[in-house]
């Protein structure tokens, strides 16, 4: 198969890669760039473990062709913290015991990040709706929802 | 509350592996990449039952692939799970059986430079099968005349035994005289119950990476709950001395029992690596994983006999387990089911008859509870039925009969017993009743409308490990190494795996507590089978009680050494010294008792020991717990049933846990709530259905049609109330017991009891899907 | 941001075109044994690395009659392996044996070694002694330059920016007597302190023809014209040799550096010359 | 637009296509892009030989070879030659003769020795010493390395 | 599961060519060029890639139209919505006009999968996938959506209700592509609603249903009812419509209409639900959806 050169912004850095059309973003991130934060959980968009941000919105790396992200901006969980300074969500996940086995955590945090970017003060219901594509088998979600809510701003007048 | 006497244990702290996990930097087996690594894929059987007549991998090899077929792996017969003593262990499998016994069973494997090349090579492999009659239904399977015969013989310990009617093993256990018991009974209730095949759905699919070492040995990273048992099995299968088999302890993306045995892919990966002389990585796809393991499905027949006053006098349970294609420790399972049954209530006289049967389906293995949630569903359902017959409040009936302090408890079947020393059953039943508002509970007959609510209770327990005063049939001990570094910080080296529940945190906290060092001065070292003593497995809810129990045992020895070395410096008698935590200077300090100002820091002691060449303050030891204390739980659940659609929603829940001292309170809480979520799945949602013609999973192994609960299925934060019993386990580390499996055991039972209280319909088959609810409601209406 | 490109043309014409176009910052690479250390040391910051490796025209060794032609891309080990060189340019063969080390010899090319114009270039000394001539080409055309006037200073040559060395030519020296001596701090991978090459023809006990070359004793590898002059027509007696040594010591223009002092180099130059002459004559002194 | 230079080559028998920087060394490419780490980085300027690899069969110092110039070529490192009898023999001989101490120079040393013995049937100790003269060893003092190599040479006679 | 068709959802095999047209015209050209060669349009990929991974489809050519500007976005031209076929579900959800005026579509979109999928999936993809359970289908059907099908030959318009031919089968001819959806402007006194039941919150429908009503006082002036997951294609239920039209809204009318929906469908039993259950709840959902639409059209809650 023919290789194409794609250029993307990955965690803030320009990156040029040669990819074949059948290569999936998830596999390029993991197998070629060794960014293993995004996980394979189901391969068909049912679990959210591979969630990354593409142009600022959550997307599933397991269903995204690498050729198709030419010119786009990709942020993985590795790109979330600024240096040693964790993202508030990462802090919150630690403080609320929202992490058990941790395998869903990267995808969960990326989804939560985009929720708060879209809607800085979501209700508990809105949080649950928003993360319903991210499966966690350990926690029962409660601690995760609390962690996310703890990062939400007070609603005006609330 | 007793936990107040502790400075570290019982307090919330960020888990040590937390930063790595939230930044995506934690490395799981599936994240291991080695130079020159090959990637492997497995060819799996399309047939439920067939002989492999011939395989042709020549074309794949021409493409540069390395192949492993049933004809070139060692044919050592083993049981992938090590738990019982050898003479009680059945063995029926090899790495790549020459006869496949379920759809999706591994036939052969192919490795190449990339997973893609491996897949392409795999598509060129030709396999010739001779299809055999298959048994997909457990009842059919027991009639050999119908043609299916999975095994002619298997091994029990050293001896080769016949398999008849596909019955893998049976166990019959009696206490007292059950006939006589039923004769004394004023009232009896009986019923059948059925718990489905449920898939673990741990987030990380099975993964293994094997690096062949230049000295002929192997290094293995794999999804497992027990690095030492994997090591021993690999050594046995590939005839390697154990010092050349190194299994690394590595983060595990959930397991829930699915990695309690050596994963089926692990020896395949090793076989390929040894053949290729290159590192090989093998990660299963989700669909492969769903064809690899499943929870034990059990059909029960259960009968209780009781006096009018509610006192139980007899119980008789028959359990039929459909274990699928391999016997992954079904014998101890039957013993455990008997134990889970016998230890919930004082039946006086009981009889248990258990039978495990082979079918041509995915092999069943432990899943959080090892038969306990299934058993609990039957027992707690029948207790409610009995309560109704007797007109006694379900809580009263339970209080009247529960097994508690001073009673004998079966921790892992009839041979692992100890006397209960701590019990929060009464406290939890009364506190839980208040939390959920039990007094609001009314009989279903008094409810009307399209949407009805109901409250249910169920109590459960699990063992904390499988220790005991007598060795019994089950292996259980753990090991630990603790050393004090020259600056007063501490290295903890443990073989115990942590599935994410917080076992390692507990271990670190216990060290900090005993040695009086600040928690952040305790490091949990990476470890592997070469650097640690034996630990059987992170199963049986033994991580904290047994694994950390060993850590506690060793910490005490280190404490003594600290005092002895300090005594030399302070020129005192060790007995006259005190060890204390000094948060300002962030060190443990030692001083003559009563003279806190004359302290020296642990760092100074360790440094002096180095300079004066006294040696390192360290200890290594193994330790077996002499008990198997039950960790009790009580689930109160309120459900809402939409009668028009049959949909059931959990609206409120009170989860009570008795884990002795909760060393990591927020993690215990996390376990209880996680247990509720999987209990919901077990009770209402999940089942791996099979196509009765093809023997394939109806969902094809894809999560599209095997639905897991999402955040939206769980009750709101404020509607989940969690409470800990105020107990202290004298035999446990800092008074702690386990919690892990218990957290699930009575969840489903409570939900089903709540559905009954809402609708007046008793569901005896899980999962209780809207389809089943609506059907039942309609029949109810019709009748 | 500093960017560097890489090109590896397959034909000489293409290479010369690129070389002609890229005024500034083009840097020709063959075996790259010098380029990479220089890049890392930031001694050079080219905008284009022009690899001539793929230019078949620049490869190969041809000996026809009394002229030997060596393609600029010929590696030192290829020189060593060449029977033609051993027979017709023994001094070059000897020098090649002492060149760097076996691994570097697999990459380093003769053209590169000359173009790099190190005062200590091990191949330059024997080639000077061989009276070699360079074939130089560019998009503008071809020209030839005697090696003796090729070097203009450390790292400096008469090569124009758009020019390439295509080949080295020299007369076959089969009937001459010759010797090459490299004096370094160790047996292999050493940069010469001093190296000397001599070619002599003796007729009727007298020096009829003399070529003397020195390495590492001047800003460039140098011919020892004065020493040659002194030797020609003389009978090589012990006294003459003594004097020749002194002529040589005076003629060389070494400096002091990390490897040796000026006076030491002067002294050694004379000593080596003597030894070289003796070696060349197979110790057969009259 | 990319500054990378696309190359296709064979590394240890497998086809590789990649993009490299103009100034990327073959060693850097092998170690960072392909994660082949038996070629070591000892000096970075061709002085020590720990980075020795075979380029089209010839031993070279990969730290002074441009990755780009390996385009279309065949690259072998020690780990890619595990199955070659001569290499195996040398590896065993190095171990039995105690020619391995810290081991950092060993891969390059064995590669150089192997490619030399392939060409030369019964070399003298001096020949061997000269052949290995591009590979530095700080531990052994070379004697045992020469012994080990010579032992194999003898066996090959 | 045999060597030839064993799936591996961890990767895609190199069995197709990837084409990335810059413009609609170029896309149509590619479709025409490869019309007989198993060419598939790639938009969001959330259905296509899954089908490729699970072996349900193995295209030879993928034409990625996701980034073609002229095919995405929504324009409002004198009231009517012109929806580009590759507009993502998320983009539609964010559109105030849809939230306020097209409840059925809004509710359908909200019920679908999860944000990550909605960011990738396109409305055209959801329809062209031809799934009987496609959630946007019943909603857009009752809203009287007309689709524009384009090819190199030109354009043709087709009612969405005539678009579906069977599971995975649509009216698209070889070389044709769905390029735009045209939804009428919101009429006064109208309302719509969408309801769905799945196994969990993010799921394929066991049954989904959409209702559109126009109210004239207490009478139903006009209406449309569509159901999904109960037949080989999403269905418009004309029987129900003819019954409701003109009738005066009441509880009885609602339950009668609900019963008619139940009678009108012949669903199957599959991995997601049983035929019986589907019939039973389609009635419930129909009643609730009709009532919701009625109330939104300004009607009183029927009693």
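So that you can tell them apart, the chains are marked A, B, C, D and E in the order they are listed, and the count of residues begins at 1 in each.
Basically, contacts are C-beta pairs under 8 Å (C-beta built on N, C-alpha and C of every residue); 3 or more make two chains touch, one makes a residue touch a chain.
What you are looking at is a predicted structure, and each value in this text was computed from that prediction instead of being measured.
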Label-sorted list of chains bordering both chain A and chain B is D, E
Moving step by step between touching chains, how few steps can get you from chain B to chain C? 2
Chain A omitted: connectivity of the other chains: one piece
Please find which chain has its CA centre nearest to the centre of all protein CA atoms in view. A
If you take the mean of the Cα atoms for each chain, which one ends up farthest from chain B? C
Check A-E against A-D and say which one is joined by more contacting C-beta pairs. A-E
What is the chain whose Cα centre is as far as it gets from that of chain D? E
Length of the line joining the C-alpha centres of chain A and chain C, rounded to whole Å: 62
Rounded to the nearest whole Å, what is the centre-to-centre distance of chain B and chain E, using the mean of the C-alpha atoms as each centre? 43
Rounded Å distance between chain C and chain D, as computed from the means of their C-alpha atoms: 28
Roughly how many whole angstrom separate the Cα centroids of chain B and chain D? 50
Which positions in chain A are in touch with at least two other chains? 22, 27, 40, 42-44, 128-129, 131-134
Note the residues in chain B that touch 2 or more other chains, in rising order. 33, 115-116, 283, 285-286, 702, 704, 708, 710-712
Which pairs of chains touch each other in this structure? A-B, A-D, A-E, B-D, B-E, C-D
For the complex, give me every residue of chain E touching chain A. 9-18, 20, 42, 45-46, 49-50, 53-54, 62, 64, 66-67, 90, 113-117, 119-120, 200-202
Chain D residues touching chain B in their complex are 12, 14, 34-37, 79, 82-83
For chain B, which residues are in contact with chain E within the complex? 41, 43-46, 103-104, 115-116, 119-120, 122-127, 283, 285-288, 291, 644-647, 685, 689, 696, 698-700, 702, 704-705, 707-713, 770-771, 774-775, 778
Footprint of chain E on chain A - complex, ascending: 1-2, 4, 20-24, 27, 40, 42-45, 48, 51, 54, 57-60, 62-65, 67-68, 111, 114-115, 128-134
Per the touch rule above, chain D residues touching chain C in the complex are 3, 5, 21-23, 25, 44-47, 49, 52, 55, 58-61, 63-66, 68-69, 71, 112, 116, 130-131, 133-135
